[in-house]
Amino acid sequence: MQSLTNRSKVVVKKEMTFTEKMYLPAILNGMRITFSHMFKKSATIKYPEHVRPRSSVYRGQHVLKRDEAGAERCTACGLCAVACPAEAITMVAAERKKGEENLYREEKYAAVYEINMLRCIFCGLCEEACPKEAIFLTDRIVDTEYERNDFVYGKDKLVEPVEKDKRIDVSVRQNEKTLEFKTHSEYGHNQVWDPNKSLKKKSGH
Amino acid sequence: MKPVLILSGLGLLALFAEMFRFRRALYPLLLIGVAGAVASAVSYIGFDDGEMSEYIKTMISFDAFAIVASTIMLVTLLLWFVLARDFFSDENNVADHSALVLFAVVGAILLTCYKNMTMLFLGIEILSIPLYVLAGSKKTSLSSNESAFKYFLMGSFASGFLLFGITLIYGATGSFDLGEIGAAVSNKTVLPGYFFAGIVMLLVGLLFKVSIAPFHFWAPDVYDGAPTPVTALMSTVVKTAAFAAIVRLFVSPVFGGVSDFWLPILGVCTALTLVIGNVTAVVQTSVKRMLAYSSVAHAGFLLMAVASGSVMAIVNPFAVKGVLFYAAAYSAASIAAFTVLLIVGGKSGDVSIDRFNGLGKKNPLVAVVMTIALLSLAGIPPTSGFFGKYYILTAAFQGGHVWLAIIGILGSLVGVYYYFRVIIAMFFRDANEETVTATSEHQGLLFVTAVIIIVLGLLPDLLFNFCDMAMVAMQPVQ
Amino acid sequence: MITASLIGLPLVFGLLLLFVKGEGAKRIALVASLLELALAGFAYFTLYNDPSSDLLATSVPWITSIGADFHVSIDGISILLVLLTSFLVPIIILSGFEKKTENPALFHALILFMQMALIGVFTSRDAFLFYIFWELALIPIWFICLIWGTGENRGTITFKFFVYTLFGSLLMLAALIFVYLHTDVGNGLHSFDILAMYKAGQSLDLTQQSFVFWGLFLAFAIKMPVFPFHTWQPDTYVSAPTQGTMLLSGIMLKMGTYGLLIWLLPMTPLALDRWGMTVVVLSVISIIYASCMALVQKDYKRLIAYSSIAHVGLIAAGILANTTSHISVEGISGALLQMLSHGINVVGLFFIADILMNRTGTRDLDKLGGIRNVSPQFAVLFLIVLLGSVALPLTNGFVGEFLLLNGVYQYNTTLAVFAGLTVILGAVYMLRSYQSIMLGESNAVTSSFGALTSNEKTILVLICAAVLIFGVFPKPLLSIAQQDIEILVKTIVPINP
Amino acid sequence: MLLAVLIPMLAYKGILVVIVFAISLGVAAYSTYAERKVSALMQDRVGPDRAGPFGLLQPLADGVKMFMKEEIIPNVSNKFLFILGPAISMMTALLTGAVIPWGPDITIGGNVYPLQVTDVNIGVLYLLGVVSIGVYGVMIGGWASNNKFALLGALRASSQMISYEVAMGISVITLILLTGTMSTAEIAEQQQGFVQDSWLGWNFFKNPVTFLIFFICALAETNRTPFDLPECETELVGGYHTEYSSMKLGLFLFAEYINMFISSAVMVTFFFGGYSAPFLNRFVTDPFWFPMLSTLVFLGKTIFFIFVFMWIRWTVPRFRYDQLMNLGWKILIPLSIINLVATAVGMWLTGKI
Amino acid sequence: MTVTQILFVVLSLMAVLSGLFTIFSKNPVFSALWLIVAFFAIAGHYILLNAQFLAVVHIIVYAGAIMVLFLYVVFMINLNKETEPNKPAWVRIAAVISGGMMMLTLVAALKGASLVPQNKSAEALNIGLASNLGKVLFNDFLVPFELSSVLLLAAMVGAVMLGKRQIH
Amino acid sequence: MNSLQVIPIDWYIILSAVLFGMGVLGVLFRRNALIILMCVELMLNAVNLLLAAFSTYLGDAKGQVFVFFIMAVAAAEVAVGLAILVTIYRNTRTTDIDFLNKLKG
């Protein structure tokens, strides 16, 4: 069959000539090629010293944001856990006690909040699911560890520091586009799924 | 030397046949080639090799004995090729089979003409190794495998003894050359004790190879299990060659000078072989196995000739000639008998004695030739087998071994019993349904062997005068 | 020349027969045997006219390497056996004319081969040739018994027969080789020539001679047979076909006695002195034993078989009852004569047994009886043969038996007495059998016994004629042998006593 | 009197043996480094560069790692043989160094010392003998693991090594025919001086086909790509060292590199003039420095061949098993025989024999 | 005892012991390995006898080829099982007795063996050199040398024939 | 230093005899075909050793040359023997020679 693009090569199993059968020329040619590569520029980047430029919305280690006053935004609604395709997020909810208003923004909070970094695929769905703007992915890189358990990040590693100057900036992720996107309830994850609706949509196409 | 070269060349040709795809033409080529080898062997009677280099002369001498022995073997081989037509019918291994057979025969010829222990050893191995393989050439048959393995095991075990013997003799005499060993033997005073140990070991090795009791136990199994054509080869050409080798050592002046040492051993072995071979053959129900045991007994007869061959370096003419004649007669009869086995066995290869029932009615030619062959094996005149036995018995009397001769006579009487069971089955028992047909080649072969048996039986001088020449080779060189 | 033709003729015809199909083979065989008879007659007359005629001897080199020649000749002794053979073989062939035989060509070819071998045995003057013919005679008869015999276990029986005789002949071979190695015809060469063998045999010392003696004696004794080597015989006779039995008893037996005479006596005179008594005693025992056995037999064929042993025992005794100091020429002549007459008589008897078997289907003496009433012709002919066998004066048996007993008497009186019993006992069992077969009332089995056919009549008349003629007029037979017997006797005297 | 000569000689030999061992081990160690570096360069990468300057301490780190890793001996294996396997591999690899002439005789303090551990008159055969024993390490190790992959790997290795030994032996015979001696020292000595009788003196130029066959067989004998089927990961996991870990694995791998070094050295000795450096003797004649420089030249040539080994490894893909056997039996052996006969005829025609 | 004698004894012990282990090992692999050890001991003997060439060839042939073949077959038919049932006792006893008797006979045969005069000439010490052996092999033993090619060819053809799978 | 001067030839003969006898014993003793083959090899090696010893003592190179022939033959024999063994194994799945008794009696 005639190829359309003319890029594909048609393989013909033809009898090899004597020189071809000897293979030596081919091998020598191959060796020439490999040898020539020795003097080509190396494609390696020496990583810790040199880092490749990353995208502005690079999805790295998560952070649990605090509000302006320094209280944790997370209310342990569990939507992030539900949204997580890798089942990496677990949490235990607790009720805010008297005197803890400065710590937690609302009456319910996450007593335990864990993300298993070995499971996490850094898709960012948790971020999208969060109604409280509590969890964000950052451009930080998850550190290496020696123990498996150490990869289960608790609140100690996830929640950003209280000090203003040590806060983690996620403003790139809160630009207009994302905020606007979040207002569209049909794209949100905290939406009850309506079978009729989606059915109609499909048939409408 | 010429037959050796011709046969080696033929062997190579067979291998080339595989490579260059003329396998179909191989079989006729082989026949022509072997016939050529026969001619070249016979031609030595008139002409010898001419001046040969010193190195060849010390290793090989194609003397009269070698000529006669190898002519007998080569003629047998020619007949055998006709017998074994089927063995070469499979396209897949015709080249292997024929090459192996030819190489084996090269070894056999070397055994008739060696002048040096090296050649003896090499000859035996060149003869044996292809045979191990040939015995196992029916690869899917367990009994063939088993036969090959037993043969191999016993063969290599025997080689060990043979070599140890050669080594001790070398240590004692300082040479592998038969002439020099003979010279050392004649000067007996310097022989150390281990020289005699060497002779014993050498003897044990050789006796193992020719299946002499008490080293015979492997032979029946091997003969029985191997494919019938191979068995035929083993019991004809191989046996002749092995005995030619023994004669060269023990009947000639090489070890003749110390015959008082080894004679008793040989005597006892001969007697044992005759008794055991014959007695055990009686109880066999398979004709092939019966022939196997009887071949042990025949080996005993041949050994009797060796035992009476040389008394203190004086060679007994009847012994040498007797061995050659007996071997020829036995070969002819065996070829006939095994051809009949092949015919009767047919596809199934079953050759129990019942299969012979009524053969006289079913296929008179086959039955008659089988009868002649069996009569010859039993040593009944006027067949050639009788003269073989006659010469050897005469040799035994002349060598002063009356008791051996009597055991031999009694043994061949027992032999009559088991050979005649087959004849009785053929002519007396009722036939079964199956028909027995022989190919025209086999019919021709049967006819030829029958004629040979009868003619040699009536006019033994035809061969015997020929054998006379062989005597000259055995005389001490002064 | 004649001798060689005598051997060659049956061989040629035998080979010819192999290519003939059908019943015609019988006729060809008969013609061949008659030609042979004529040739034998010619030989007789040649010998009669000129005992040293060149025509009678043939000697060609055969196996030069071992000094064996094809040397055959007819002298006064062997002519008798040649005549016997050539006389009996036509009768034997004729006796089978009315019966249907399976594969007649092969059968008759074997008979002719047998004849060749027998004549070879009787005429060879070379030990090796003798041995070869001796063995050759065995194979055809074995096949005859095996293939055409009766009885389910004939395989075993014939086999026993074969092995017995082969055993004997191998011993003979050993003995002959032993003697052969002591012959010397110059140049260190040996020879199988009969005279050389005689010379060599006589030069041996007693021990060696004894070995040779026993080797040969066993071979011959088994063939004849002599007690205790006889066990193969009755069974074989019974199970063999009639023709086979006739060959065995009529001619083949004589190989043994002939061997004793020609090969044993002259070759081992010293051993004869030493062992003569032993073997004569054995012979006499076999006479008495066989006679007693014959007395109690019910099967007629078996009875004849035993009687045959008894008769042969007497012949053997007559031959062996000699010493170097005294050799009885009468005894030897008697033995020769008795060989002839026994051959004729026993063939006749077996033929009669065959007739009985064919007509009545049984050979049991108890079941038969009264055949005389039905077939008086048969009764008369039977009686003549029977009387010949009992050695009544004026029958052929008488002269021989008388001479034999005389010979034994000169050797040892007591033994002669015992040997004489054979006459009495023979008369008893023979007549008793006649009585129970022919006399008395005919019964269901025998009443349908028809008259003899012309064929049977011819044979019986021929035999009866022979019985009577030689009984009355044995002279031509005796005289022709006389000279050669004397020559033989002279050679027996050892060279260095 | 005898002892007076003997003891210094023995002491010298002992020192030489130690030096040869050290060099072998060192070169082998840095071969592992070189292997990674070369492969990296050929694949446009950097290769190890963290341990020490340019990663030069990498072999050390690897060694430490090998020693520190957990020693695992499979439960159902034969313990003794399991340990014996790598030991034999290592031992035979080291034994070969004994007959290699590292340089011409050296004069130290007026005494002349040979730069070869022992000059046996059958050195070439000694090499073949030791090489033929090397296969036992692999076989025993593979069998003792009691693992089917290991066993298959061992079987492959042994059959491969036996097969190629034949062609190798014949090519060595050709070489012996060419040089007329079986002593390695003499072979090296004969090639001294780059140009001889208008010929380039190295055996390579006299008979390149022999070298080619020898080289291919050397590749196969050392189980280097394209003949590294015994340890073919895609089919047999790790081949005969599937079950090995820690230092025993290290020994196997190390033995491979030593083999590579030695076979390079052998090739240099046999075909590339040994320690001969063209025209070196024109410039240096000092009895101490000339041998020293020659030895350096020898090592340089050897290192070049080690490089060639690696170069090939990163160029040519692995054979399929049947291709490997076909190459060995149907091409190399006939070729080597033809070469042998042709050499013999050639020498006969030119009147050298 | 001189050094040579000590070496002889040590090598002999090594050969005999490893030979014994060869015989009595349950597992064929161990038998093979012990046999290799025995071969090395014998090679040592060759060197002791001034036959270096022989020693190396011995190693190459026996240890390098034959025993590898053995091991190969052991592996191929995977004889890991160490369950070799013993032969009946009487066979063992018979074997021991016959073997022992044979050895006794041999040793007895040596008793009072008068030595063949030794050749201690200078050339005699060099017979083990390759060039010397080559001369003997290609002169005196030319015929057997050429004919051994027939032997090897036959063995090769035979082994290949047996090894081929049967094609129907 | 040479073995010729200090070791009597008898030592070598005895050593070889012992090794040879051990080989024989092994052949008779063992049932595993492979081990039997090995014992045969041991026998041949005993022979080789003795030949080499004799050769040295006699100052005659022929003995050593003979050893080469034995080696060639041993190699050939082993190749054939193992081939046979493998064929047997294909059919029976065992190398115990006592299983090979189909042909007995």
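We call the chains A, B, C, D, E and F, going by the order they appear; numbering starts again at 1 in every chain.
Throughout what follows, a contact is a pair of C-beta atoms (placed from the backbone, for glycine too) under 8 Å apart; a residue touches a chain by one contact, two chains touch by 3 or more.
Predicted model, so just to flag it, every value in this text is computed and none were measured.
Taken together, subunit A and subunit D share no touching chain. Steps from subunit C to subunit F, minimised over paths through touching chains, total 2. Think of the whole protein's Cα atoms as having one middle point; the chain whose own Cα middle lies nearest to it is B. Between subunit B and subunit E, the centres computed from C-alpha atoms are 30 Å apart. Averaged C-alpha coordinates put the centre of subunit B at 26 Å from the centre of subunit F.
Per-chain Cα centroids separate subunit A from subunit F by 73 Å. Measuring from the averaged C-alpha position of subunit A to that of subunit C gives a distance of 125 Å. Shown for subunit F are the residues in touch with two or more other chains, namely 9, 13, 20, 23-24, 37, 57-58, 60, 62, 69, 73, 76-77, 80, 83-85, 87.
For subunit B, residues touching at least two other chains, in rising order: 118, 122, 125, 129, 132-133, 136, 139-140, 171, 174, 194.
Contacts with at least two other chains are made by no residue of subunit D. The set of touching chain pairs reads A-D, B-C, B-E, B-F, D-E, E-F, using the touch definition from the header.
In the complex of the two chains, the subunit B residues touching subunit C come out as 321, 360, 375, 380-382, 386, 390-391, 393-394, 397-398, 402, 405-406, 409, 412-413, 416-417, 420-421, 423-424, 427-429, 459-461, 464-465, 468.
Of all the residues in subunit F, the ones that touch subunit E in their complex are 1-4, 6-11, 13-15, 17-26, 28-32, 34-35, 37-39, 41-42, 45, 48-49, 52-53, 55-62, 64-65, 67-69, 71-80, 82-87, 89, 95-96, 98. Within the complex, the subunit E residues that touch subunit D are 29, 33, 36, 52-53, 56-57, 59-60, 63-65, 68-69, 71-72, 75-76, 78, 80, 129-130. Those residues of subunit B that touch subunit E in the complex are listed here as 4, 8, 11-12, 15, 55-56, 58-60, 92-93, 96-97, 99-100, 103-104, 106-107, 110, 116, 118-119, 122, 125-126, 129-130, 132-134, 136-137, 139-140, 171-172, 174, 190, 192-194, 196-197, 200. Partner subunit B is touched in their complex by these residues of subunit F: 9, 13, 16, 20, 23-24, 27, 33, 36-37, 40, 43-44, 46-47, 50-51, 54, 57-58, 60, 62-63, 66, 69-70, 73, 76-77, 80-81, 83-85, 87-88, 90-92, 97, 100, 102-104.
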